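A, B, C, D and E are the chain letters, set down in written order, and residue numbers restart from 1 in every chain.
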Amino acid sequence: MQSQVRIRRWPWVAIALSLAVAFTLSMISPADSVQGDLVRIMYVHVPAAWLAYTAFFVTFVGSVAYLVTKNLRWDRIAAASAEIGVYFTGLALSLGMIWAKPTWGVWWTWDARLTFTFIMFFVYLGYLALRRTTDDPIARASRSSVLGILGAIQIPLVHFSVLWWRTLHQPPSLIRPDGPAIQDSLMLAALIVGVLAFTIVYVALMVKRIELIHLEEKRLAVEQSIRRPVAGEAVTAPELGAS
Amino acid sequence: MTTGFWHQVRAVIDRDLLRERRQGDMLWITIPFGAIALLLIPLAIGTDAVLLREIGPGMYWVIVMLFGVLVAVSRASRETLPQQDASALLGLDPAAGFVGRTASSAVFLLIFEVVVGVVAVGLYDISLIGIGWLVTTMLLVAIGLALLGTLTAAIVNSSTAGAALVPLLVAPLSVPLLLGATQTYDGLQGGYSILSWVLLMVAVVLVVSIIGVLTARPLQET
Amino acid sequence: MTTGFWHQVRAVIDRDLLRERRQGDMLWITIPFGAIALLLIPLAIGTDAVLLREIGPGMYWVIVMLFGVLVAVSRASRETLPQQDASALLGLDPAAGFVGRTASSAVFLLIFEVVVGVVAVGLYDISLIGIGWLVTTMLLVAIGLALLGTLTAAIVNSSTAGAALVPLLVAPLSVPLLLGATQTYDGLQGGYSILSWVLLMVAVVLVVSIIGVLTARPLQET
Amino acid sequence: MTQPDATEDTTGVPLVVLEGVGVRIGSTQILRDVTLEIDAGEVVGLFGANGAGKTTVLRLIATLIRPAQGFGTVLGADLSSSERYDVRRRIGMIGHVPGIFPELTLAENLRYAARVAGVPTDRVGGALAAVGLGGAADRTAGAASHGMQRRTEFARELMIDRSLLLLDEPHSALDRDAVDLVEGLIERKAAEGGAVVVVSHDRDRVRAIAHRTVDLIGGTLV
Amino acid sequence: MTQPDATEDTTGVPLVVLEGVGVRIGSTQILRDVTLEIDAGEVVGLFGANGAGKTTVLRLIATLIRPAQGFGTVLGADLSSSERYDVRRRIGMIGHVPGIFPELTLAENLRYAARVAGVPTDRVGGALAAVGLGGAADRTAGAASHGMQRRTEFARELMIDRSLLLLDEPHSALDRDAVDLVEGLIERKAAEGGAVVVVSHDRDRVRAIAHRTVDLIGGTLV
């Protein structure tokens, strides 16, 4: 039984290699004219945010697929992906905050994208929390799939919030170096390689995480196969005369 | 099946409205509180007429949002296990139950919006330009919040720990509604286009309705 | 009788706290919701930092008020008739029940105030001058709202007094609390005397306590 | 402990006296002209059709309802005056629906009861063991089966010494082993100089343990 | 109406098949290795100690709980698949606690049931009269006595034609007249080719009406 779960080692190697390449490239790419070396945060911040989208989209797909097929495999994929998505969102958030302090002068501001990213982070934390509320695999899969689908509404909200907000309020800040800064080809390459590297990291983590879920399920099955007394055996005949 | 579906939906709506009328805490506790809240804000932040006119509509919508969702969640989860069992064994289609509960919640939220709205207009000197659109907004918000509340109650149903998730589920989806509502009002005042905001609200309502109806069965798994 | 009284009060408090910990919807729904409410206000009325700093403390108290009484009402009315009968036949003094329920509600409201307060300080950049007085205010408001909520629930439950009384009772008593709280804050900021406001809150708390204890028996009459 | 001894002042005097008592709920007359006397040491069976008012009689004797007409005393306390609050602790009742808190464990429920009644909490373990629930003490009451909840109520009555025991269909929900519990408890109470009223539809079974039976017909005892 | 005839496809095939079924709630095993077959026309008595899992067996057969282990079908529908939703309307259950809405009158409760089940609502009056509640039709369920609430549930089962009837202690709470009603209903259901499962602690009474009895011991049927 135990042998069915294959423990793979290549994901760790892939993660190490791709991160090394991406790091090197981000270091040799030029400093920004306005931001200086701070711009290097972008090579992590942006891929992390995009991979968070990817991860949550996979959760969405896994959730839909589970509800359609009722195959628990899809639920495992959705769960693993949501967890990794939370890491990536956390990374993008914290790097964004670190970046915000020197550029905007504050750690946090009520920009729509920031707000929505923050909310997205919590929605998927909620997703993970919901999964912990029940042991029953089918109930868990059913409930969390619904949330996995609802949660996906966040992705366009986060992405388009920048556009929407600008139409209503003043732009959040003066420095948002999307366009011009990326004219430099080495910077662009560093960004693209960064995204690729993060994609590999994502896939590798997925493989490991699903592996772990399998192991957990195995352990649970073994635990459940142990014959314990049923609930009713705790009730005995009254002993009159006591008390 | 289809005629049976709407038949069941109507039965659930009638049941909920009747129960609420007999019980009456919505009427006597929630609505007065919403009104009192609006009354308290000027007391709390000072009675500067300009400031109040500026924040009035926003506050109105915030209060509708807060109460709305809380009311919808508590209403939707007001069935005991034996009551749920009995309804299930009557062959109540989970989707019909969802639609019915949502509809009755929406009716209450609409009443809440209207009563509290009258108070808001009185207190904050709110302009009613584009009343047709305002009514549309109120309708969309009532339906949207009712949907969110009902769906949320279904997702966290029975799992006590799940209660923690209610705000997490509700907030992100109600934010677009809230933004849509406030921006529609601002748009009407400023005379610029509100179509995209109305569409945003319609989109939220549609998406949540579809998800709610399609996932009603799986959500019954305990 | 007197030692028995406080013994019973403690038993009721422990029971309520335990029930709440197991059920957890106060802790997990209301507190996050309060925090989210503070988060939504900037979205609804615009993110002008100066404006937010100006209205922040007021909004904080409005939210505490709103949720506070609702929470206290729903907590206090969460006993079924057989549960009430059983407690009565244990010899539970109605006044001890009132005090115990109020105390446990006050504990929750205090937790609510602290958590939401931390969020408010973070979001609205609120100054904390005169922290000792602020803590006193929070305590008084928590106790006052808990009293109001428990009394309200007793009125709703009782068949002798009508639910229609609730709004009549709540507004006149909660407004002084809220005014007291906001004026104390403003007074601390502006450096003028806050004594009269603190006394106002103390007076409300005392009046409602006395009403609550004295009406505990009559309200039980069926 | 600080409570009066369960049987001190009851010798000779009837424990329950009802003289022409009527009970109304709202505008409905439920009982009319009920006359009944129960002496110390008596076990009375109370029969009647569904809806006849048996449960209402028990709640009346338990001082939980005030008579609308007539006069009555229970354990020496006038049913229409506030004396009745002082004798409540000496009256035990097991109704149709258990008066326990589903969020608390069985042991916690009993501990609460012991604390309010002023009885040492170390009786809890023994009482649970006596009803055969020693192994399920830490299960929440909501997760206990119907019969287990009933047994918990019996454990409460074992733990607190009452002068008067009111049992509403005590045999229902209890399995064969537990049924002896009922009969044992009834016998012991009668032997100790208390009194027991047993409502039941199972006339033969009650006739075997009761000294006397009465029938409730048309709101009156015959 | 649009519903399939109650007994159309059940001849020959067993109505209930359970093969090695286990039930878990959370991490607690409630039933283990339950095997049971019930044919059309059978009345099965189910016995067991308090907490043994009898109610759980009924809810399992009613498709309200999913098996954690093993395999089962009810009225031809696999208990583990979503087919089970389609047979629910043909399964009637009367549990320990009535699944009716206390705010609605008895007639309104039945009208709701009829509408959801797709049965003509003009059956309500007759069903209430049949259980002897014709005169109390407009009383709210909360104001009805325990036995009247139970009778209302029987009225519901009379009104809707079910193939399978699951009764949890049907004799409790019913007076002598109403008990005949139960036995009549059971006999009729069996004669019509349906099946009945009766849980009870009153073995003699059930043996008199059941074709077969099973005991639940240690989570398993013996």
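Criterion: a residue touches a chain if its C-beta (ideal position, glycine included) is under 8 Å from a C-beta of that chain, and two chains touch if they have at least 3 such contacts.
This is a predicted model, so every value here is computed, not measured.
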Could you tell me which chain's Cα centre is nearest to the average position of every protein Cα atom shown? B
At the largest C-alpha centroid distance from chain C we find chain E
Just curious, how far off is chain E from chain D if you go by their C-alpha centres, in Å? 31
Take the average of all CA coordinates in chain B, do the same for chain D, and state the distance between these two points in whole angstrom. 46
Taking each chain's mean CA coordinate, chain A and chain E are separated, in whole Å, by 47
For the pair chain A and chain D, the C-alpha centroid-to-centroid distance in angstrom is 58
Could you pull out the residues of chain E that touch at least 2 other chains? 25, 48-51, 66, 96-97
Where in chain A do residues touch two or more other chains at once? 115, 134, 136, 138, 231-235, 237
Counting only residues that touch at least two other chains, what does the list for chain C look like? 22-23, 39, 43, 46
If we count contacts the way the header does, which residues on chain C are in touch with chain B in the complex? 22-25, 27-29, 32-33, 35-37, 39-41, 43-46, 51, 54-55, 57-59, 61-62, 65-66, 69-70, 73-74, 152, 156, 163-164, 166-167, 170-171, 174-175, 178-179, 182
Counting only contacts in the complex, chain A reaches chain E at residues 134-136, 138, 224, 228-235, 237
What residues on chain C touch chain D, complex-wise? 3-4, 7-8, 10-12, 14-15, 18-19, 22-23, 80, 82-94, 159, 217, 221-222
Note: in the complex, chain D contacts chain A through residues 123, 126-127, 129-136, 139, 145, 148, 151, 158-159, 177-178, 180-181, 184
As the complex stands, chain E meets chain B at residues 2-3, 59, 62, 64-66, 82, 85, 88-89, 91-93, 95-101, 103-104, 108, 112-113, 115-118, 140, 156, 160
